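Below are structures written as structure tokens.
Look at the two complexes coming up: subunit A is in both, with subunit B in one and subunit C in the other.
Here is the complex of A and B:
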């Protein structure tokens, strides 16, 4: 069996960080954040049906949305969105043949920016600022 | 010809890749506007149903949100397709996946646009 051949049975390898280059880890993070964000998108569309149900239904939902569990979930969405967005910009730049020689440095730089942005949003969300 | 047709089912076409990239860049632009509106223009955020209707009474907002919806659905489903293609699916699987993604994407966009129209209608009352 060729372990490197893509197959659903090799999906577990996404979660195994051993012997992986920084680019491969970035690729895996992009795939995992994409799956999370896709699930969120369709949940979000479903929740927006509350708007059609009227003001009472939506305002009641907003009270629920302020619960700590939902806020932690939102924080994951923000983190996933920032990481996926910045890494996606890097992948686009590199795929078009630009900045290939500094792709690892670019990735590290963008992930530092992502971390700073995530910390900023976390402080804002959980301090009530 | 048959081989080419089958190959198209199990690989990512360059045009679809380009659409995914353009939609991704569109999302980055709309998301930035969304954050500016929610955190700078309305520092407290859009907190209630009434706030949202007021927001939708601006004619630019529904156009922007419709663009955001279309870019987000297209990008997410093309991305999901890329992930499925990474797993080396059979042609048979892709014959099922491709129409399913088109159906889910079309239904989501129609549903989202309907939601927008309802909000615009209520905002104009």
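Here is the complex of A and C:
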């Protein structure tokens, strides 16, 4: 079979970072964070649906939500949202034809901001502030 | 070039038509200042005359010798052995991605050439459209009566590296969209607009900029796609207001 033709079945190779430039790393990060956020959206809807099951079921869930494992999960959601959002800003700026010569630097700068924001939220969440 | 000789191992992709693909290994001796294409020619000349590969100019002008060298798109006639391996090292040589393999390292790039023709690709363009915006350094660069050869050598390496071209055979691809940008000196022709402002055109690009990273000729297809988006958006806005 001629494996070289473009095909949707090659989709998994979108996530292969080997031998790729920084632009593709951003491309992969954007897809992974989008998938993560989509999964979170469905989990969130599932949790909200617990309201239908009555106040006791929801209270039980709130106790569970305070557990460290769930908090770490929430931290991932916050990190995903920040990274996806800031990467999206870079894509929008570039798509409008601006800052193209420094698009790699723009990505690095925005990811440093993302890291700082994630650390800030992590400290706040885990110190109970 | 000095007299140093290296021994290197070439692992080369082999495939005939739709037959089973496999890799074949060859050991050769070569001066590290020679090029990857020289190494492949040595394999053909001294080890296996059935090996097929494309080459012509040997000086980065015809665009025929693009291949994957250790997984990365390279114009093999200007890629020195020294820059991609070491003495007793290995080289993995594969055909470009996203084009059907005709035989061994030869891929069928006719889809790209057809699309280039349709877009009106011309090897010569006016100075403002042949130069990238940041290359226009003097007033002469803005004068459209001056012309020069465009940078694209139609090697197809940008299409090989593009993640969207990997999964979508209808996508025009970076080389074609860059050519459209070349050809789109004001006013934007309706024909080009119709081709690029479409589902399979400008808006399919996902900003990985891998095309610009591998282009051996500084065409910057990624930058040109974004600049053309800017032009198309401006055109749409203008149209919106001129209607009312």
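Simple rule for what comes next: the second predicted complex is superposed on the first by the 112 of 129 C-alpha atoms of A that agree within 3 Å, B and C clash if a C-alpha of one lies under 4 Å from a C-alpha of the other, contacts with A are read in each partner's own complex, and residues count from 1 in each chain.
Please note the rule applied: a contact is a pair of C-beta atoms (placed from the backbone, for glycine too) under 8 Å apart; a residue touches a chain by one contact, two chains touch by 3 or more.
Quick caveat, the model's predicted, so the values are computed rather than measured.
J.: Going by the contact rule set out at the top, does A:55 touch subunit B (first), subunit C (second), both, or neither?
T.: first
J.: Given the touch rule stated above, what does A:81 touch, subunit B (first), subunit C (second), both, or neither?
T.: Only subunit B; A:81 stays clear of subunit C.
J.: In the superposed arrangement, which partner chain does A:36 touch: subunit B (first), subunit C (second), both, or neither?
T.: After superposition on chain A, A:36 lies in contact with neither partner.
J.: Which holds for A:89: it touches subunit B only (first), subunit C only (second), both, or neither?
T.: first
J.: State whether A:73 touches subunit B only (first), subunit C only (second), both chains, or neither.
T.: Touch status of A:73: no partner.
J.: When the two structures are overlaid on chain A, which partner does A:11 contact: first (subunit B), second (subunit C), both, or neither?
T.: Both partners, subunit B and subunit C.
J.: Same subunit A residues contacting subunit B and subunit C, which ones?
T.: Common interface on subunit A, subunit B vs subunit C: 5-8, 11, 95.
J.: Looking at the complex, which residues from subunit A come into contact with subunit C?
T.: Where subunit A meets subunit C, its residues are 1-8, 10-11, 13-14, 18-21, 23-24, 26-27, 91, 94-97, 100-101, 103-104.
J.: Hey, which residues of subunit C end up touching subunit A in the complex?
T.: Subunit C residues touching subunit A: 15, 18, 21, 70-72, 95-101, 107, 134, 163, 165-169, 171, 206-210, 212-213, 222-223, 226-227, 229-231, 233.
J.: Sort out for me which residues of subunit B touch subunit A in the complex.
T.: Listed in rising order, the residues of subunit B that touch subunit A are 21, 24-25, 27-28, 31, 39, 47-50, 52, 72-73, 76-77, 79-80, 83, 86-89, 108, 111-112, 115, 118-119.
J.: Which residues of subunit A touch subunit B once you look at their complex with the stated criterion?
T.: Checking each residue of subunit A against subunit B gives 5-8, 11, 31, 34-35, 37-38, 41-42, 45, 48-49, 51-52, 54-55, 58-59, 62, 81, 85, 88-89, 92, 95, 124.
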